[in-house]
Amino acid sequence: MKDAKLVVKSESHRNTIVHLSDHVAIGGQKIVIIGGPCTVESLTQMETVAQHLQFAPVQALRGGVYKPRTSPYAFQGMGLEGLEILAEVRKRYEMPIVTEVMAISQIEEIAACADMLQIGSRNMQNFDLLKAIGQANKPVLLKRGLASTIEEFVMAAEYIMSYGNPNVVLCERGIRSFDPYTRNVLDLGAVVALKQITHLPVIVDPSHAAGKRELIADLSRGAIACGADGLIIECHPEPDKSVSDARQALTLDDMVNLVRSVKPVAEAIGRQVYEIQRPQLAIA
Amino acid sequence: MKDAKLVVKSESHRNTIVHLSDHVAIGGQKIVIIGGPCTVESLTQMETVAQHLQFAPVQALRGGVYKPRTSPYAFQGMGLEGLEILAEVRKRYEMPIVTEVMAISQIEEIAACADMLQIGSRNMQNFDLLKAIGQANKPVLLKRGLASTIEEFVMAAEYIMSYGNPNVVLCERGIRSFDPYTRNVLDLGAVVALKQITHLPVIVDPSHAAGKRELIADLSRGAIACGADGLIIECHPEPDKSVSDARQALTLDDMVNLVRSVKPVAEAIGRQVYEIQRPQLAIA
Amino acid sequence: MKDAKLVVKSESHRNTIVHLSDHVAIGGQKIVIIGGPCTVESLTQMETVAQHLQFAPVQALRGGVYKPRTSPYAFQGMGLEGLEILAEVRKRYEMPIVTEVMAISQIEEIAACADMLQIGSRNMQNFDLLKAIGQANKPVLLKRGLASTIEEFVMAAEYIMSYGNPNVVLCERGIRSFDPYTRNVLDLGAVVALKQITHLPVIVDPSHAAGKRELIADLSRGAIACGADGLIIECHPEPDKSVSDARQALTLDDMVNLVRSVKPVAEAIGRQVYEIQRPQLAIA
Amino acid sequence: MKDAKLVVKSESHRNTIVHLSDHVAIGGQKIVIIGGPCTVESLTQMETVAQHLQFAPVQALRGGVYKPRTSPYAFQGMGLEGLEILAEVRKRYEMPIVTEVMAISQIEEIAACADMLQIGSRNMQNFDLLKAIGQANKPVLLKRGLASTIEEFVMAAEYIMSYGNPNVVLCERGIRSFDPYTRNVLDLGAVVALKQITHLPVIVDPSHAAGKRELIADLSRGAIACGADGLIIECHPEPDKSVSDARQALTLDDMVNLVRSVKPVAEAIGRQVYEIQRPQLAIA
């Protein structure tokens, strides 16, 4: 990885910490958990999610408003209306928001109401988008491409950093393989390698990797034990009614249970999880 | 492929023919061969290429001016200056031009001087780009993603067609696999399948698939025998001096030999190749 | 491939020709076509196949009597009874027989009534079997493993040769990939590479690669155009009644049509096919 | 997996426990760790390994005496002489022995001095070997094939069980993929799935998956957190002098550290590790 200059770990730069808010940072001692539905569907849906997850506790909310769908006839996301929902939920629950940017033209509007801009797997080597996001003033969640090598993934982060944005978090989300049992193969060896090669935080998305909700909790604990700095997990008030990726969404109760089960694993390797921080909201 | 409405073959629409110029069409009885360097480097380079290839004969020229490179520090292409070179060569040699579009912002300027807009493998599921190119008034060369299924490939074409552009040519260019001997694995089974499923022309890029120039001629003949409607092949006046993909570029002489060797194979399956059409240029 | 000593092509050893009978040899100017059912089911079945295929003409018959099946409860082949059928058909129709050897203990009995011993994909790195077959006095058809690299494939042939058997024919039969549309991905780039690296004949099995009968004819012609020395194709008197691999078996009529369509492709690259050799049988 | 009858989990058979000795069992509450070199090289080597590892504590020793090597010219293992070394070490250190069986003819001699018979990845679908091992009266360690689906892996275990041997332990050891950074991709999703589908114990071999020693400790902890019942790890007194797989072998000290680090992770998910059981040896 001779061309990886800015992302590689060095004696003087061992660890990047990316702040999503005053209270939430990825890459430090604490494991960060991001949760929420695949797709933003309504304000009610997002409020239900936020209310439950704040006590898990989950530290940030995810939810897509621009959706990369294989078919042009599939629901493409709520767009601006969805962004307004995210902005509202963000304000009411004081939780940072992560949402996907699919095009350069969306960066400004999404940056106005999200705390972290996600680059999806299909766009990991959309180099013009990487360059543009490199000039945005927001943390970036860069997902690994469906069949990207570790080197290509590292170099995609190098694109973003070389254009001026140092706040990049890498996300392993499963790679393509021959086995139809799981949707993708979660490559935790890549997580270990990325933590050794780069100074960037690395989180894991077990939902898209597994594609089956019954596999997600075990894989989440495995990811944390491997050294991942956090998790991003799909959950939904009524998984079977989700407009997309229903098969892999957890119920909100399962999500809470999962988050709680992560704590002892994190502590077993000398890390911590976030504690519930806002009792006043908990009371309300 | 339940959602593939516009691209699927039917009794009433068995075959789409995409015209690159008055003389060159892809998808008919004649095999089309597109040749040229990976990257446009200079007017001299492109003229040398065009002069040789017109007598192969090659029917269209390729050459990248916006280059998707793994590293941000690698040469990113000549950009507008390269487009001017392409425009000049197109005019002098009356050969259609194929070149890659990496961003929505480039469509207009590239459409002004190219005859076919290429969507590269890394952007096969850059859906916003597909939608925009679907509104462009130029033929599109859609390359299969590095690890895209046949269904995903078909649906990417469906995006373009559903936004209004019927002139889509599919290009198989090798998929990711475990074997380091070849750069990718050329999937001619996909070519056969795509010809059966869709009415769109399908061409093959053996250069990126093989990654080694000594494999390209045999794979080219194999592709034609499988039913491909054409080939897109990298060649260079001095392959070892190519600024990119040097290992897979043919010399111009080897390119001419390859093109000539395709003729009997095409005829063996009841098709034809283009004959040299412009003797006056041959004399000059 | 530093350890590949015996299989690599050299100035003094450019081409191995493997004789299946006095009349049939693989690796020379003539393309060899081997046909027959996945599994030997009855004498009637095999006679029907032989009668039809001799006039295609097909040069050798295939048919499994020991079958590698994913499930222990699936039909495991007729065993010795099947071998007797093969011996009978071989004698009556004077056609060489190719059948699979799954265990060292089967070599002697199979060698007694077959002309070529097949090592299946799952056993490509069953090294003890390779060593034993290296000591057998029969030609070997070595199929590429489901996910074997070209180097591993070459080294498996080296095992056989290093134990004394020079008559090895390599067979590309598709590799594992992520796309469910085809059963495997036929890797014709490997065929081209193997012809360049080794002096051994290389044939192609499009049936197991494609897994769908409608893809097989085009892939067969593609394989020949790429330089393959022959084909091994599954066909059955009543494909839908085949006890295994029904979806990929051709009808006998389709098989005859396929064989005939190969002739012009072979000639287009300067090779020939076998002509029908036994008019007396044709009359009978 | 309709044909998986004996291996599938049911209400009445939720969990198989496989005993390697009076003291060591795989599949219960306790995590089992198996360690040792890739290849048995000498009695001194194996004694050094056993002395160190008994205090890690490691519960069983691994070491190959019949080695599946890509090249016929590579060291093929010590054979019978190696088996005698294993027998000697087994007696002196009272540690169960795991070693690979490559051929039916080796089963008897290996069963006489080993406690667990390993079927290697390349032989996972060597069905005749599976049938024979199904009739052996020893526990079996069945490694997943290099590109085997979960269903094929489960069915290979079904072969062994259907021939009479109920003591099968599954081992995930990485699958083939496109990324050259790691040797294979450790598929912990398969571990989770296998624990849900079958009642068999599942262990993980991070050494062959990673191929790089610096990745192994993190992957080991990840595997345990995912629910694996144990680990099998390569280590060597002098890794760089190992006759095979040197790059992935741990030093004995690193192995001890790894084992100790597993304890809190096991406890975090409600399991335990084995404690040192033989103080008299510890004193000596």
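Things worth noting here:
Letters A, B, C and D name the chains as they come in the text, with residue numbers starting at 1 for each one.
In this text, a contact is a pair of C-beta atoms (placed from the backbone, for glycine too) under 8 Å apart; a residue touches a chain by one contact, two chains touch by 3 or more.
No experiment lies behind these values; they were computed from the predicted model shown.
Compared with subunit C, the chain whose C-alpha mean position is the greatest distance off is A. As a whole-number value, the distance joining the C-alpha centres of subunit A and subunit C reads 49 Å.
One finds 36 Å separating the Cα centroids of subunit C and subunit D. Looking at subunit C, residues 147, 151, 176-178, 180 sit in touch with two or more other chains. If you sketch which chains touch which, every chain touches every other chain without exception. Residues 3, 5, 68-74, 102-105, 122-123, 125-129, 131, 145-147, 151-152, 155, 158-159, 162-163, 176 of subunit D touch subunit C in their complex. Residues 147, 149-151, 174-175, 177-182, 185-190, 192-193, 195-196, 209-210, 214-215, 218-219, 221-227, 261, 264-265, 267-269 of subunit A are the ones that touch subunit D when the two sit in their complex. Subunit A contributes residues 147, 176-178, 180 to its touches with subunit C in the complex.
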